[in-house]
Amino acid sequence: MKAVSAEEAVAMIPNGARIMVGGFMGVGTPERLLDELVRQKKSGLALISNDAATPGKGVGKLFEDAQVSSMIGTHIGLNPKAQQQMLGKQITVDLIPQGTFVERIRAGGCGLGGVLTPTGVGTLVEEGKRKIEVDGKPYLLETALRADFALVHAFLADYAGNLSYALTARNFNPVMAMAADTVIVTAEHIVPVGVIAPDHVVTPGPLVDYLVANG
Amino acid sequence: MDAQTIIARRVAKELRPGNLVNLGIGIPTLVANYVPADLKVFFQSENGLIGTGPIPEQGMAHPLLTDAGGRPISALPGAATFDSAMSFGLIRGGHVDITVLGGLQVDAGGHLANWMIPGKMVPGMGGAMDLVSGAKRVIVAMQHAAKGKSKIVARCNLPLTSARPVDLVVTDLAVIAFPGGKATLLETAPGLTVAEVLAVTEAELAIPDAVPEMTL
Amino acid sequence: MKAVSAEEAVAMIPNGARIMVGGFMGVGTPERLLDELVRQKKSGLALISNDAATPGKGVGKLFEDAQVSSMIGTHIGLNPKAQQQMLGKQITVDLIPQGTFVERIRAGGCGLGGVLTPTGVGTLVEEGKRKIEVDGKPYLLETALRADFALVHAFLADYAGNLSYALTARNFNPVMAMAADTVIVTAEHIVPVGVIAPDHVVTPGPLVDYLVANG
Amino acid sequence: MDAQTIIARRVAKELRPGNLVNLGIGIPTLVANYVPADLKVFFQSENGLIGTGPIPEQGMAHPLLTDAGGRPISALPGAATFDSAMSFGLIRGGHVDITVLGGLQVDAGGHLANWMIPGKMVPGMGGAMDLVSGAKRVIVAMQHAAKGKSKIVARCNLPLTSARPVDLVVTDLAVIAFPGGKATLLETAPGLTVAEVLAVTEAELAIPDAVPEMTL
């Protein structure tokens, strides 16, 4: 784990990178990294995020100047800019069920090739997917999902990179922190080692590559 | 009583002590308002909480505690938070006793369409497909008709949310279940006759010997 | 969630039941339930447990009087009684990789039909299993595993059934608490609602059917 | 220096700052004793801990804090605990930088057999198959020969632990890697010649121009 500035962290992300961003409607999103992605005008981003948040909030900021070229998510209903760009075919959007979304990312982080889910069987979601029967019940084979970078927001981070999360800001952050080649974290509070008790650590330090320092 | 209130009140009567309940946005959210104070149920918010409480008092909201729509909520004593993998493990794994969702169409076989209108903007299915596939009991809370057209249809022409039929549909006019895979009229709204409900329902409904009025 | 005595809890378990028992070498095992299974002489149990512990400890107790008829686990190397019964064909033992063991249980609890794992490909473990390629890489399809009863041991349980775990006693308990028709829990301490903060609850109360009361 | 000490000391030299390391039982466990005090590595115990520390002092052991063999351990400041799904997610997902395991046989292609001897009591593979399949780097720490027979064999006749070849084998006599899928002698134990190692090795070994002695 290395402490860096938000500027240094985002400078590592090339245009066209595949990025996972934690958060649910902008709650639990690393806003400082999003602001910096905007400031550094990163473009052609392949975004993996539950939703498109709202304009000006969380990943919603990336749609203001069309920095996203493709998105995998579950819902973009509350961001008109993302919708316009999807309808105008400026971005391709792959909308998938939320439980499938999180399991695919978990599989990517846990070295699984995929999972079998009943969700989507008999719907449009099954198009182009392998259907596999187990004990006579049909499931869709949903494959693992990984990214070049995961942008994660924690509540507490200690000097060793251990992370804990608060309330509903946990959401996709812990699974994304396992599913990317490089994991960059912001935290509401950076605290000494030992402040987060071992049983309360959700993301162990060795998973974190870069922690954005205060100031 | 307006249509939404009828629906929300009637759905609230389906909740049992100890139930883990997930309420979708729209009419389903209103159900929480009509749960008797002495009935202990748990509300799940799929963004990572069991123990959802009412909107916090002025000045008590926390930006990291919201519902799935991003609106501030409170957490009751005994609440638990978790990540999205756990949240959908609970949903897909059948640990949610009741999910209440809105609907665009439900057909005579109990199939629900509620996420997509071809040709229109598709916002995404969010958690709806997992909820309908996985919850122990799926209740659809919706108006009986929209723009004069029955939403209880013979066969959904909108894309399905799940191949799994729902368990109960509660509308402002009727309560419908699907015993043996066949739409069956269980109750009518107060003051309505069976014939009046049938007249505005596209799907064929089985009519038991007794069809009481809803108690609200 | 209903509070019961250990005697009442175990009385619900019929002979021949399929039971999952938390713990790793007896650490994090609900000893009071194991003692009661012995006292009530339950027989023909289909045991799902990581290991056979050691004689007289944890699930090891069930092998003293041959109460187990079959076992799915990952290792029985430290319990000579379990080994004797396996070699004597008194019990059938299905030994599987530990990562596969826990994912199969998780799948059972999370409504997944199974997972695709690279573990075991090209080894004896792949016998009789479907091999599925994803992006040219082979995986074994490992199916979901559930039980009639899960016997779980927590560190703290509150009056609403919320559970937290301590140190390495967490192990298989949280996944098993999701993968059985009936979940019975013992805890080191039963505490008032609110003592376990929402962010520290690992197993939410609605998953627990019975909590064994003190005394 | 005895065989075990040679092996453990040499393996310890493979650890890099920040590595997440899983040590198997037996010789691998000894590796922790030879990590320089100023080298910050994290040890994982697959029963649910990162930050394993030494055996606790008298009276300080806690019955709920043990290693995968059930023996009391301590946890260092900054330790983290988790359930088995997470533990094996870390292992299978490639988050463990180095796993050190014992071996029964390693063959010329780097394949490891370490969990089963047909006809003998099979205790179970525990976490070994996941560790070999998933860790970023797999190091086998074992004696070069057992009962006078080379454990570095042409081809494993014992059942494999994984189809994936290991990265490094450290024995009391040699260090062997598998560049291009071919067993290659990298180092000999202090005082041993290449010829002496080859004489007790069943597998054919590629010999680079320079084969230094281990520094321990």
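Letters A, B, C and D mark the chains as written, and numbering starts fresh at 1 in each.
Just so we're on the same page, a residue touches a chain if its C-beta (ideal position, glycine included) is under 8 Å from a C-beta of that chain, and two chains touch if they have at least 3 such contacts.
On a predicted model such as this, the values are computed, not experimentally measured, just so you know.
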Message: Keeping to the contact definition above, tell me which chains border both chain A and chain D.
response: C
Query: Which chain pair is joined by more contacting C-beta pairs, A-B or B-C?
result: A-B
- line: Taking each chain's centre as the mean of its CA atoms, chain B sits from chain C at a distance in Å of 34
- prompt: Counting in whole Å, what is the centre-to-centre distance of chain B and chain D, each centre being its mean C-alpha position?
  reply: 55
Field: Separation of mean Cα positions, chain D and chain C [Å, integer]
entry: 29
- request: Would you please write down the residue numbers of chain D that are in contact with two or more other chains?
  value: 49, 75, 81-82, 85, 88, 91-92, 133-134
- prompt: Which chain A residues reach two or more other chains?
  reply: 103, 106, 110-112, 117-118, 155, 165-167, 170, 198-199
Query: Which chains are in touch, pair by pair?
result: A-B, A-C, A-D, B-C, C-D
Touch list for chain D against partner chain C, complex: 45-49, 62-70, 75, 81-85, 87-88, 91-92, 116, 121-130, 133-134, 159-164
Field: Parts of chain A lying in touch with chain C, wherever the complex brings them together
entry: 103, 107, 110-118, 130, 132, 134-135, 137, 139, 141, 143-144, 155, 164-167, 170, 198-200
Message: Give the list of chain B residues in touch with chain C in this complex.
response: 18, 20, 42, 49-51, 75, 77-82, 88-95, 97, 133-134
Field: Residues of chain A touching chain B in the complex
entry: 24-28, 50-51, 53-54, 73-78, 83, 87, 95-100, 102-103, 106, 117-125, 155, 165-175, 202
Message: List the residues on chain A that touch chain D in their complex, please.
response: 1, 106, 108-112, 158-160, 162, 178-179, 193-194, 198-199, 201, 204-207
